[in-house]
Structures are given as structure tokens and as C-alpha cells.
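The structure appears below as C-alpha cells.
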Amino acid sequence: MTALLDVTAVSKRFAMGGILSRKQTDAVVDVSFTLASGTPEIFTIIGESGSGKTTLARMILGLEDPSDGQIVFEGSSAEERRNAARRLAFMRRVQPVFQNPFEAFNPLKQVERYLEATARTLLGLKDRTAIEDAMDGALQKVGLSYAEIKGRFPHELSGGQLQRVAIARALIPEPALLIADEPVSMVDASLRMSIVNLLRDLRDTFGVSVIYITHDLATAYYISDRIMIMQKGHVVEMGPARPVLETPQHPYSRLLKQSVLSTENAGQGVLEPADRSIARAAWENAGSGRLVEKPDGRMVRE
Amino acid sequence: MADSTDILTVKGLKAYYRMAYFGIDREVRAVDDITLSIRRNEVYGIAGESSSGKTSLIKVLAAAIRPPLEVVDGALTYRFGDIEIDPYKASSEEVNAIRWKHLSYIMQGSMSVLNPVRRIRHSFSDFAFQPMGVDKKTFWERTRAHLERLNLSPDILRAYPHELSGGMRQRVTIALATVCQPEFIIADEPTTALDVVVQKDVLAMIRDVQRQMGSSVVFVTHDMSVHANIADRIGIVYAGRLVEEGPTRTLFTAPKHPYTAHLVGSLPRIGDTTTKAALEGRPPNLADPPSGCRFHPRCPLAIDKCKTEVPPLETVGQSHRSACWRADEVKPLAPVAGQPAQVTP
Amino acid sequence: MRDYFTFVLKRLLQLAAVVFAGISAAFFITHLSPISPVDMIVNRVAAQSGGDPLAIQDLRDALAALFGTDLPLHEKFLNFWGRFLVGDLGPSLLAFPTPAIDLVMRALPWTVGLLVTSILLSWTIGNILGGLGGYYQNNRFLKAFGVLAMGVQPIPYYIVAFLLVLLFGYFWPVMPISGGFSINVRPGFTFEFIASVIHHSILPAASLVIVGLGISFLGMRAMVSNIVTEDYVTYAELAGVRTERVVFFYVIRNAMVPQLTGLAMALGGIFSGTIITEQVFAYPGLGSLLVNAVNAGDTTLVLAVSSIAVIAVAGAIFVIDLIHPLLDPRVKVK
Amino acid sequence: MFAIIRDLTRYNIEFAIGCVLVGIITLFALASFFAPVGPTMIYVVPPDMPPSLSYWFGTNSRGQDLFWQLSYAFRNTLTFGVMVAAISRIISITVGLLAGYLGGWVDRVLMFFNDIFVSLPIFPILILVYFVLRSNLDMFTLALIMGCLGWPFDARLIRSVSLGLRHREFTRHATFSGMTPRKIMFEEHLPYVMPIVLATAIANMIWSIGMEVTLAVLGFTNLNIPTVGTTLYWANNHSAMIVGVWWWILIPVILIVTLFIGLFLLTVSLNEYIDPRSRLRRMGGA
């Protein structure tokens, strides 16, 4: 079994301030995980704002260089992708899905522009019909067709449709990995599940692995194979999604779970503030200890 | 159903955006014929998707509308003690006299509602000193006591808004809106931008203040799980109209509108592994809404009648109203809620 | 506080860089001039004294040593900076052998006085009126003022100044149109002199104020009409905060910050404006001095005036920059 | 583009007036191509004739028909303004987009120079240039120099827009669609910057023409080329106001003020059209 993506002891420090006053913040600290190739999965990274989940995603996409550690995708690291040809080869295999579908398309341009550019540069297609076939094929995978979006501008489509077009665009080069940073937080409630279900179908039907980044434990539970919970740049708990979310062990994971608003007691007005002792334990010990493997396969920071 | 003990009654309210710009005239019916009433000492949740008109509705309720949004028709009556007032018929002095003292507002986006170059202390005195109507010393004593009651340190009075975290800032705006102990509070998505842990704390804080003061709160958010935890009653808004209204528990267990049934049924939950379906189609364009029932193009129960006739909002149960021709046939989508709540180890 | 100190330090470095670059540029541009200062003086002296060839050759050598004209350019440059740092800018050719720096220092108070007064007046009044104009968008007086300001704004200083001269100098001659004070008044700390100075400064100052007022009025009005749509203003209005409080503490106070930056950015232009104004009104400031120096081919004096101008403008921008973080608590002094 | 202009003329009175004023001056300038006399010829008509049917704008003390003389002057002045605007637009677009999109050290270096250029006192520099070049200072050189000085404000404006665009998701989307930085800058970002370019181009014309007039009036340009500035210079030189040849001064001043107000109205209305917030207010009919 070879690794699709191998993240080893990755850290990212940002220098704040200028030349005279230098402060450093640790956005990501010593994160390691591996995605196997051949067994597509949805790997979810959970965290609040400031947890480092977005920075980690940016590093995997090569938009940011790690300060320490190595990110190796299919045997090559970011340093080996400096030239344009290697970058393009990388983009054929790894593609992002964006947070806000209305933002992901230039409102002044037709949406097919992005699909066309992708087919042209990443697949190297020249012929108009070949390009249209590639676009239509990808759109079919997300339940749309080229005829539906031809000549359309972003404001003529709904958020859910746009997000599906964006995902179709990412699928054109038939990538092995999609990195989806909060792909549904800006999509309306009634359309949200169509995107979440689509990510699941991509894994099951087309064998695409997905790194799903979110703060929402409920959708994470719904689609993930494995999850990784991050707090202030540190991984606090990692393992098979359902057991971890059903019985979280790290204090921070438990705090997150307790903070999920349940609909079970709808209308009872029961709204206990999160247990302060858990919260305190979670924040005071942020980042201390090391990850320990448990019998059920999960890793917990102790 | 309009009861004189209700703090607010709204009858046949219509508010439209009217725009004429470079030759294009548009009329957007953001609030289209809404009738509802808010009781004393309750949290009334308003739910709806983006551009459903829910924000316009509460702007109208708060008498906070600006052109191009204008009230076209309908009546709006607040009852505070002896005062009975329709902000759209009263003078601006009369409206200003009830603001903050009786009617206050928590705006969306805690980042930008506080003056960035003014210390929090000054915001409190600007907003609340006059309505409270006491001398300086008493005012600051009460303000400090209020902050402490909300678990906020009075030290924050010295801070500038940008020196506080998002959650802290939102708590400060809630404290600011409630310091005069108003009877009616309008809260517009006050927790949307917050992290989950902070969100729960802030919701608990709003609920707490409301209980202590016995005020009425109108709470707007698109997030049904927030409504489940804070609202006593919920009104569901779709394309500018109120499509269903009822006690929170009823809406979650026995919805009588297919849209509500979908909203509450498609929420994923930890411990629930069933597949959740999405609603097809796209939210309607308010400038050109569908005919008849505005939900019909996306409705699984739609019949021909729905395409031509607008269903009225009718009573379908105890304080439960729904606007659907086939209300009786609506079934909850999800496994029935009400099973024992999950026990967290 | 320490943060503020490092901020000041960085701004000082930037100031030094701008001043150095500006003055060096002026140095190289003036030294591209084909006019030789030595020849100019020699010719003038020769014309006056008739000319003993030997004496003239002596004078030529002495002057060449004084100006360092025989040196290569980079040595001239180093020499220039060496002397510049001790305040020696060399003798003026126009009024040889008066040091150029003396002429500049004599002219400087006139320009600074004129500029400071007119900027303070136009900026303060323009911003207050503009702030009100942006908030009370339907006020007739402020609307009319806006139309007037829009009409005046695009017209360059020169034309405005010129029209003032025509109006108050020829058609209705009530104002003196040239000079800094009347010739028959002796300079000194007397009422007569001060009154004369003020009388003479009214027209030049008015021309600067008219244009400056329009610019700050329109800028402020645009700024305010954006700020009134900000959430914190809406929120304050919703809370029933008293209108005058909203106008001053929520609207104008917040618009001040960008307006101040705007002023800093515009100072260079304003300085250019005074050169013209002084020329039109024959006002004895830096502008007139510069124009005279250019016409006379006085390299040293041109360089001296330009250097002082660079220092003055960059210094003023520096001071405004220092005020900025004090006005806006959000500016991270980093 | 065409539809925007049509809408603007129909619904924005400032734009319509601006168009008319600028149009009149442009037509007047174009008339010079049919002039019966050359621009530099003097004493071809009786001097100091007041405006009349045969000499619409009168004649000056140098024996020139002011109508044709001013027609040449406006042609040169407008050409000059357009040249400066074009040169400075090229620099400001390039600098602004590069600094905004590439960011990092490119941005820092470009903005360092930008800051220096912003604080340069331009007018004294132009005087210095005249001091060096004297009568070799032709219109093209002057336009080139002013173009090289007149870009920093607008570059900063373009940079700030481009900086905002760089962080929008569609830019990253374009990158991952395999578009090159050049394609992103000039196809994705330029359309957002274009309205600013248009509006600032006109503002820049106002500025450069104003500068030219001022320089010329003080005698700091090539006085043999007829421009609005040199016309006023010669008028002053002949003490036109004192000897009563008022039309020599008044007519060019009126025309140039007309041009300025026309251009200014165009900028204002275009800016209003671009700015979404003032558009919102307009929608309210407030």
C-alpha cells in the first residue's frame, strides 16, 4: 500500500509584525497523517477558527510552505514542484473546493470559463468538441450537464448549483484528492445536503479521496471515514469518525461535542452553558502532552 | 388570535424594495402580507434561507428601514404598559422615546456595530444613559451590575471594540442592548459568525437575560438547530411569506408544511446514520416569485391547485398555523424526534 | 508606548530615505544643466569691472575651487552632502556672494505662514461643512455649497488666483495685488507692519482657501456619505442616540482619519499651488524665489529651494503620520 | 460598454452635461484642421480687434485671429492631456496590478517607490526640468515627464482593488484552473479595475492640463507652441488686461473652465456609476 498523501510532523509558524518587532504564532504544530492510495476515503479535519485547519489545507495545496516537516503527495514534495510543469502535474491530481460558491466565480465572467481553462491547460485539450465533452462529462458526475450552464453567469445559478459546477470543474482532470474547506457553510440549508451527499458519491462512485475541513460535527459524522480534531494548531484526537464523535475522549473533543446544538429537546429551552470545567481543562492544556494510540485505533493527546 | 395582552401585533404587513435605477424599475416583495403576534415573555424564532425576506421583516419590526425598502401596507402595534404605538404612524420623537427603553435591537455582525474609534464605555453612555433616565452615578452602578450579571468584567468598558474577541464583542452588544431592561428585543443572527463553543455560551446568555427580565425576544437565524434550543415558537418564512408558525416542539415533531418538514428532517445528527435528502431546485427570486404557492416548484406534494392559488395561513392545531393546501398530508421526514436524548459519556 | 516608539523610528527612517532621494534627485537634475555657475559670475563681474584678463583668470580659479566645478560628478555629490549636513548650500549666484541658505530662510516664513493659515482654514471649515453636507443630504445651503465647490474644484490654482486679481485688483481695486507688505511700511513688530502683512496676504490666502475648501468639502462629503451606511451609525440611530452626537462622534470623528491621510497625500500638490500663487501675487516666498532663480540660471539657489521644499513637505507628511495612530486606535503601530 | 454610455446620458444629468461641454471643446479643437492660417504665423490680421462677426473671438496684439489660434491651442492642450493620461495609465495599471496580485517583495519594492513618488513636489520638479532643458522642452517630452510623475495615486488605488481581488476565492479558483498569472491579472482582474482607470484618466487629464497651463503662464515651456497656457502667457506679456484687450484673456479662461467643468462632471458621474454604495442611494431616490 503506497501513500497518496503523507503529512509528516508538519508545523507552520507565522511571523507577525515587521522587521523591528518579531512575534511568532504557531498556526500548525507537529501534524502527521497519511492517506492511502487505492482506498478512497473522506478524511475530515475539525476545528474552530484559529485551529490551523485552513492553514494545513493551504499547505497541502502548496499555497503555503511548511516551516517544519514534510508534505509528500504521490512521492513528491512541494519543493520538487517549483517549476510550472510540475505545478500543473500536481494540479491534475489535487484540486480544491471552495467555501463560498458565489465568491468562487468571477461575477463578470461566464461560469464555463473556469471549466474550459481547466480542460485546456490541465488536460491539454485543444479541440472545441473534446473540451466540451470533458466539461459535460465532469458536469454529469455532479448531476448537471453542459447544456444547463452554457453561457450562464454566476448570478443566474443558485448557490447549490454553483458549488456543484465548482466541484465539476475540479473533477475535470480526474484528480485523486479533493480538498474541501468548509464547502457547505455558505450554502443554504435546503441545498446543503445535496453537496454533502455529492462528496460521498464522489468517494463511493468515482474513487476520489476528500479532505473535508469543517467546524460542523454533524455533517462530519454523516460522511467521514476518519476525523482529526485540531485545537490551536495541535491535533488532539484522531481516528475512525463514528467512534471518535460518539465517544470523544480528549477534553476539547468533549467540549466540542457538548457544544453541538441538539434538536432532540427542541422547544424545551434547555440550554446549559458548556461545562466550564471541561472548557477550562480543554483550554489550559491546549497542546500539552503527546498523541497516544488507543485500543480502538484512535489517537488521543494525553 | 390577536390578543390585547400580546406585546406586538402585526397585521397584513407588506414591505417592498422599490428601485428605479438607470431605467430599470424593480419591485421586490421582501415582506408580503405577514400577520403574526408576539406574546409577552417568549422567544419567537424567525427562520428562513438567504433572501427569504426574514431580515427585511425584522428591520420593519424594528422600525429600522431605509429606502429603497418601504412599508406598503399593514399595521404594526407595540404595547408597552400604557403606551400603544405604531412606529409607522407615530412621530420620530415618539419612536425615539421607546427605543432602547422598551425596544432594543441586537444587530447582525458584532464586528461592525460598535464605533471602532470609541471606547465601549462611551457606547454605553451614548446608547443607554438617556433612556435609563437616572443620574450618572446610578447609571454606571447599574451598568456595572448588569455586566457582572452577564459574567462580563466591568473592565471591558475601558476597551476599544477591536481589542475584544468576536465572542466577547457579541456579548458586549447583548449587554448593551439589554442594559435598560427593555420589554422587547430583536436579535438578528447574533451567533452566526461565532465558533460552536462560543455560540452556545452566547445563546445561553440571551436565554438567561430574557428569563431574568421577562422580555420578549424575536430571534432570527437560518440555523434550525439554534431555533430548537432557544425559541418557544417559530415562524418559518419562505419567499417573503410566513408559511408555518407554531410551538418549537410541534414544528420539530409534527410539521404541517413540506418546507418545514424538509428543514427539520434534513439536519444531520451525531448518532444518526440514515441518508438525508436535499431539496431540489433553487430558492425563489423575490423580484419574480413563482405563482400560487411560492414553494410549489420544489414541493414533493405539489398539485395543480398549488400553481395557481395562494394557500392561506390557517390554523391546523393548537397555536399552530400552516399555509399549505395539503397540510394534512405532510409527514415528518426524519425518524421521529422525541426518542430519548443521546447520553454523552 | 514601546510600539509607538518603534513606529516613530520606522517613520523617521522612511522620512530620511525620502529626503535623501528627493534632494539627490534635485542635485542630479540641476547638475545636468549646461549652465556653468562660474562662467555666469565671471561674465557678470567682467561686464561690471571692464576686465583685467589676469584678475578674471584668478577669479575663475577661485570660483572653480569654491564650487568644485572641476571635480567629477560623484565627488561633487559627496561634497554637496558634506556641506549640506552642516547647513552650507553654497553662495547664490543671483545675489552673489549671499549664501543661498540665507535667501531661502528669508523667504521661508512667508510661504509657511501663508500655507499654514490657508490649510488650517480650508481644511477645518471644509471638513465640518463637508461632514454636515454628507449627513444632511437634503439641506439646501449645503447642497448649493456643494454645487459651487464642484464648479471651482477642477479649476487650477492659477486661474482662480488670476480671476481674484482681475476682480479685486482691476475691476474693484480694494486689495493690494502684489508684494508681502506695503513699500512705505518699515518691517518690524509694529501694528502698521502686521496690518499691512495681513492685508497683503488676504488675496493669496483666499485663492488657496477657495480651492482647498472645495477639495476638503467634497472629499469629506463623499467620505461621510459612505460612513452613514456603516453598521455602527445605523445602530446608533436605531438606538435613538441624539443626532448631534451621531454626527460628531460617529460620523465626522470616523471620517477624520482618512481625511487626515488625504491631507498628507495632498501636501506636495498644495506646495506646488503656493509657488503659483506667490508668482501671481508677487509674494516674497519660496515660490517666487524659485522662479527667479530658474530664470536667472542660479543652480545653487534652485537646489537650495528644492531641498528645503523636499524637507518641508516630507516633514509635514511625517508629522501627520505620527498623529494618525493617536486618532485611530485600530492602527497597529507596527 | 455602449449600453452603459447610453444609460448614463439618459439618466445622469451630470454625465449628459459633461459630454456636451467636452464635446463642444473637442469639436472646436478639431476645427483647427481646417484653419486658413498656420499656428505660428503672426501679424496676419489687424491686431487688437474686439470680437465681431468677422473675428468671432477677436484678434490679439500679435495680429492673430484668436478663433483659429485658440482652436490650435485646444488641440495641442487636449492632445497633451490625453498623452499624459495614457502614459500614466499604462504605468499605474502595470504597477498597481503587479503589486496587488503578486504581493510579497514585489509589492514592497513597488510601493516603496510609490511612496517616494507620492511625496515628490511635482511642480518644482517640472520647473527644474525646464531649468535644464530650456527651449528643448517640447510637448512630447513634457507629456512623458508628467506621465512618469502622475501615476502613483492611481497605482495605489488600483493596487488596493487588486489586493482585494487577490484574496477573493475566484482568483484561487482561476489559479487551480491552470490560468497563468498574466491571464488572471489581465482577464480576471482588469475588468474590475477598468472603471477606475477610466475615471482617474479624466481626473489625470484635468491635472495635467492644469499643470501645463500654469507652467506656460509662468513662461516655463516652449512658448512657440500654441497651447491654452502659452496663449495666456502672451496675453500677460502684452499686458492685455491693462491695455483693454480683455477678450484675449477672458475667452481662453472661459473655454478652459468649460473644459474642466465638463471633464470633472464626467469623472463625478462615472465614479458614481462605479461606486455600489452611491448606486444604492440613487436607487432609494434620496
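For clarity, chains are labelled A, B, C and D in written order, and residue numbers in each chain start from 1.
One rule holds for everything that comes next: contacts are C-beta pairs under 8 Å (C-beta built on N, C-alpha and C of every residue); 3 or more make two chains touch, one makes a residue touch a chain.
Remember, it's a predicted structure, so these values are computed and weren't measured experimentally.
K.L.:
If you take the chains that touch subunit B and keep only those that also touch subunit D, what is left?
P.N.:
Joint contacts, listed by label: A, C.
K.L.:
Which chain has its C-alpha centroid farthest away from the centroid of subunit B?
P.N.:
For subunit B, the chain whose C-alpha mean is farthest off is C.
K.L.:
Look at the interfaces B-C and C-D and say which one is made up of more C-beta pairs in contact.
P.N.:
Between the chain pairs B-C and C-D, C-D carries more contacts.
K.L.:
Find the most central chain, measuring centrality by the gap between its CA centroid and the centroid of all protein CA atoms shown.
P.N.:
That would be chain D.
K.L.:
Mind checking the centre-to-centre distance between subunit A and subunit C? Centres are C-alpha means, answer in whole Å.
P.N.:
Each chain's C-alpha centroid was found; their separation is 56 Å.
K.L.:
Which whole number of Å gives the spacing of the CA centres of subunit C and subunit D?
P.N.:
Spacing between the chain centres: roughly 23 Å.
K.L.:
So how far apart, in whole Å, are subunit A and subunit B when each is placed at the average of its C-alpha atoms?
P.N.:
Taking the average C-alpha coordinate of subunit A and of subunit B, the gap between them is 32 Å.
K.L.:
So which bits of subunit A are touching at least two other chains?
P.N.:
Nothing qualifies.
K.L.:
Could you pull out the residues of subunit B that touch at least 2 other chains?
P.N.:
Not one residue of subunit B touches more than one other chain, so the list is empty.
K.L.:
Among the residues of subunit C, pick out those that touch two or more other chains and give their numbers.
P.N.:
none
K.L.:
Quick one: which bits of subunit B touch subunit C in the complex? Just the residue numbers, please.
P.N.:
That would be residues 62, 64, 95-97, 99-100, 104-105, 107, 109, 112-118, 122, 126-127, 130-131, 160, 162 of subunit B.
K.L.:
Inside the complex, what are the residues of subunit A that reach subunit B?
P.N.:
Residues in contact with subunit B: 48-49, 157-161, 188-197, 215, 217-219, 221-222, 242, 245-247, 254-274, 279.
K.L.:
Subunit A touches which residues of subunit B in the complex?
P.N.:
43, 49-50, 195-197, 199-201, 203-205, 207, 222-232, 247-253, 259, 262-264, 266-271, 273, 275-283, 298, 337-339, 341-342, 344-345
K.L.:
Please name which positions on subunit C make contact with subunit D in the complex.
P.N.:
14, 17-18, 21-22, 25-26, 29-30, 32-34, 137-138, 150-151, 153-159, 162-163, 166, 170, 225-226, 229, 265, 267-269, 271-273, 275-276, 279, 290-291, 294-295, 297, 302, 305-306, 309-310, 313-314, 317
K.L.:
What residues of subunit A sit close enough to touch subunit D in their complex?
P.N.:
63, 88, 91, 95-96, 98-100, 103-106, 108-109, 114-115, 117-118, 120-122, 166, 169-170
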